[in-house]
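Look at the two complexes coming up: chain A is in both, with chain B in one and chain C in the other.
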Partner chain A sequence: MTDPLVIFDLLLALAIVALAAASLSVRDLFSMIVLFIIFGLLSALAWVRLSAPDVALAEAAIGTGVTGALLLKTLHHLRFASGTLGQKAAYGVTPVAPVPMAVIMTNAVFCGLITLGLVVAFLGAPAAGPGFDPLVAEAMPQSGVEHPVTGVLLNFRSYDTLMEVVVLLAAVVAVWQIERGLSEAPAPAMGEVWQGFARLALPAIVVVGTYLLWVGAEAPGGAFQGGAVLAAVGLLLLLTRAYVPQPAHRGIARGAFVLGTAAFALVALLVASGGRVAFEYPLDHAKTLILLIEGMVTISIAVTLAALFHGREPVALAKGDRNDT
Partner chain B sequence: MSVEISPMILSVFVPLFGAIAAFVLPRAAALIGFATLVLTSGAVAWLARDVLAAGAVGLPLGGWGAPLGIDLRADGLSVAMLALTSVVGFLVSIAALDSLKGPEQARQRQYFWPLWLLLLTGMNGVYLSTDIFNLYVMIEVIALAAVGLTVLSGSRAALQAGLDYMYASIFGALLFLMGVGFVYLQLGRLDFAGLTGAAPTGALIAALALIFVGLALKTALFPLHFWLPAAHANATAPASALLSGLVVKAALYVVLRLAQYMPFPSENLLTLVGLMGAGAVIWGGVQALRAERLKLLVAWSTVAQIGLIFVAFARAGEVGLSESWKAAALLILAHGIAKAAMFLAAGRIKDEIGHDVIRDLDRTPIRPTLAQFTFALAAISLIGLPPSLGFIGKWSLMEGAMAAGYWHWVGVTMAGTLLSVAYFSRVFAGFLRFDRVRAPVGEHQGWALADAAPLTLALMAIGLGLLAAPVLSFIEIGYPFGVAP
Partner chain C sequence: MQDVVAAVLITTGTVFFIAGTVGLLRFPDIFCRLHALTKADGLGLALIALGVAFLAATPGAVFRIVLIWFFVAAASATCGHLVARYARRSGAGVRHD
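Up next is the complex of A and B:
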């Protein structure tokens, strides 16, 4: 008698591949994005089945939630730029020319061969190879936290994590510096249902996001997941126009973007005294320092992701332009 | 309680804090950026002194030590790359102070510095890293900052080129990450030491292939160079100089490092790498001959020169690999300096005469002679005429190839040299004018203080050839490739 979950896993795997194929082959951009979001949710489920709840949370919050919102926003902008906003035809926007079947087939064969090669290489590798697990288990008591993933991310390999936060900072600097002469596409009218939803959802999101951050020390969760969930607050505020970015707010926004990186880097540097090297947190204060870093990084991630969704530096438009950024 | 600081930490953290400060205080960005460059160069000089005195130095971050933690390590090659980055970066920054001073460039000036300092953080991080996952993260930092610099000018062509560059760059990084995954699958660790001496199993060969293709995309090795010419030609001059002189070198450096640590499967694969390089030398040369604009010509010459570095890498086959990296490293240094000088000079010429159409270079009343002179000096190093650093690099390439009896690589190098003479001559012909237009006597010479930085770089590219012996012995400090312990 096989484990019934095996059947579930098989169905899940099939569904993920089918959704990936569907989102690639469908011509309508809106359907494509929706399929991609479902694909992301099922992938998150797959990560849960692979006993990687941290990755699952990140996939659901960032890979699906924030990415889906960014894609939909881009679609909205594309339609506005092509002048077809609000028309039925807009839902069929396909800015790419159809690719000849022969090219698709050649690419498919080529990619199939590469995938086959990688599968062979994968199957040839040791199934349960050596890993960090024993090393991590041994070092956990000195890390100041109880959850191994947090230990790796915020202590053993915190240099990598700092630089990942820098990647996010670089992304928002790059996005802000692109000058977009075009004024923003007007947001679609939000009904009263939407306003009501925002009123109900906002407090819940804040609680969930903060909980994810706090619980990261002992259980799956942490700065990236918590930050992404809190970014949803920003998204809702922007969408409901409860908050409209103003040029005067740029200073605060810049400060919020760099807060996580600056705090992280400063802590990493300042602990280097009395025989310790950079990133070597004293054990007594390790948990406090890690929580401090995570808190600051969460704020930065939430604000940065919301700013990426807004997609531009709020600059004062010249007179005559519709100032609706 | 005093904070103990290592120059390695400073080389990464000073530009990082500089970038943060320059972003938060946009009005003072130029000042902060320039001060950061000075401080970073100081840290690199300090590190160079340490390495000269004591050989390779290491630092276990967080005190954990590899493989659990991440170690930083600086040897001769790392410091040489850091020094290249500092020197070129410093002089390009001086040039940027001048070329971004106009009121219409206020926005560019405000964003150039944070992006460039983030780029510097990433590059210095790459040169000090000893961990392949850490390399991936650093490569990502470089990629995003470099794309930001590519689109800095804001023109439609630059945005289009920047988007192509971003797709190529992110895809390359994903391939690299997949390769890192395969390494972890097989070996269970990610530090360089764990890679040494590993048997070439299927998973490691897959990893090597993925990592190499990913890096080839990032460094624009033929035939994966499609994004480079447009991206480098359409950026503003200081950004072009940084992208062409420094950014592609980071991925090249990683190839050089990993090739020595990862088990190399076979001679045939090395020949394939050399053939891709040869393809780049020929194709890049031909396209440079056909280019209509000066900056596009210079960008295509980058494609050709990158190919040449890979030829140097493959020049003597598997047996010669332990020596070939020196020829490749010399060419990397030579190209970094000379190409930065050339892009800055091309930018100066464009600024002075208002366009960069090669055919019309001799029809303008203004002669930016100093910029033209700089361009010619840089071309001498890129062509490989003695005594430039480019000459030493090419010579050591051909010497190794001849010693190993691989005459085809000598032939490729010769063909590449002839092509580079041909395409640079197109530009020189325009500079020399041959009096097609008789301009009034006392014509505007178009000299400016802005020529100082590119001229210094070009003179270095020539002059360092005379110092090749000390440079060579410096990059061997600490046995970068484990010849001795």
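Up next is the complex of A and C:
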């Protein structure tokens, strides 16, 4: 115990495991989500302690912020569907039917298999090896950026990153296929103080998101973190009703969904047409190309996450319907 | 000298946070708890931010700490308001004694 931070790390690890156990075992759905959000924030802190600020930013912005908002929105709909919305002490109600034992067991088996696979992978990995750090450090001058994580994500393993962008695209396509039209659940009225706060926070979030994107070339940050922060702008706009999705805006939204994937794939193809391997950016233009891809991907991620939060395709309204999507 | 000032400020701020947490755990209903949390933590946050600002190396870092303080304070005040508003409207958090 030479380093007092060891005590802090132990407490942090204990708190994370305890929060995970608590969020799984608590009966009330709202408490469950709140515990999950705190779990995510402490995980982000743990990533900081592990000297991985990029992962910490992603965990805080996507894993905690956007996912927490999505879960709370889902709960709002569940409560509406089960008729417990607006009831007194509604937060004590768990509005889902009991899950069949067979489903629980199947899930448990799959989770167990995944855990087992992780254990095997962890035990099979060389302990305290040099890892890929020297390789990355050696190749950094060819990447076009100064920050190793961005170099790896957008250059050395850009195919994986492209697939991650495609996953988001697939998610929003699926959601728009399933849910259309108007939300039945009334949007919660948040009041004037909240509106004022949103007005104050909105410009700051835009600046922070853009800064995260820009700084990704030389410091922790990048498209996913910046995109998630910018998605918060969409969330604020939707929650304050400053922006109500219109059927006429679907074309712009669809364009924004595919923008990142398209730009990414197009750059790869154009590079490949010049007699190189796909994703092998010419060194002189590497930084420009990476920033271009990251910028487009950020727009896609922000719009996609905001659309996922809205959760349904805005289709044309029949006359007489209330417009309360 | 700066280190000592920073240490005193951060320690004082931590005391306020602990007081706020004790209030959260010990006070009888949701409004009292919010009262303890938002006031004590708001002061604690300001003191800790001030202490950390004394340790910051560059004016840019100080500026960022000020920004963080401002937005966290505004967000926590808004959150406190929203929780209290929801509790009052739904009648969920009223003390029964």
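The rule is short, and it goes like this: the second predicted complex is superposed on the first by the 276 of 325 C-alpha atoms of A that agree within 3 Å, B and C clash if a C-alpha of one lies under 4 Å from a C-alpha of the other, contacts with A are read in each partner's own complex, and residues count from 1 in each chain.
Just so it is clear, a residue touches a chain if its C-beta (ideal position, glycine included) is under 8 Å from a C-beta of that chain, and two chains touch if they have at least 3 such contacts.
As the structure is a prediction and not an experimental result, all values here were calculated from the model.
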*Figure out whether A:Leu41 sits in contact with chain B (first) or chain C (second), or with both, or with neither.*
neither
*With both structures placed on chain A, which of the two partners, chain B or chain C, ends up touching more residues of chain A?*
B
*Where does A:Arg157 make contact in the superposed view: on chain B (first), on chain C (second), on both, or on neither?*
first
*asked:* With both complexes superposed on chain A, which partner does A:Gly274 reach: first (chain B), second (chain C), both or neither?
replied: first
*Regarding the shared-chain residue A:Val120, is it in contact with chain B (first), chain C (second), both, or neither?*
first
*asked:* If we overlay the two complexes on their shared chain A, which of chain B and chain C does A:Gly131 touch? Say first, second, both or neither.
replied: first
*Between chain B (first) and chain C (second), which, if any, makes contact with A:Ala170: first, second, both or neither?*
first
*Does chain B (first) or chain C (second) touch A:Ala201, or do both, or does neither?*
second
*Taking the superposition as given, does A:Leu239 touch the first partner, chain B, the second, chain C, both, or neither?*
neither
*Complex contacts: residues of chain C adjacent to chain A*: 67, 71, 74-75, 78, 81-82, 85, 90-92
*asked:* Residue numbers of chain A touching chain B in their complex, please.
replied: 117-118, 120-122, 124-126, 129-132, 135-136, 139, 155-160, 163-164, 166-167, 169-171, 173-174, 176-179, 251, 254-255, 257-258, 261-262, 265, 269-270, 272-281
*Considering the complex alone, what residue numbers of chain B touch chain A?*
1-6, 9, 13, 16-17, 19-20, 23-24, 26, 59-64, 67-70, 107, 110-111, 114-115, 118, 121-122, 125, 133-134, 137-138, 140-141, 144-145, 147-148, 151-152, 154, 159, 178, 182, 184-189, 201-203, 205-206, 210
*asked:* Please output the residues of chain A touching chain C within their complex, sorted ascending.
replied: 86-91, 190-191, 193-194, 197, 200-201, 204
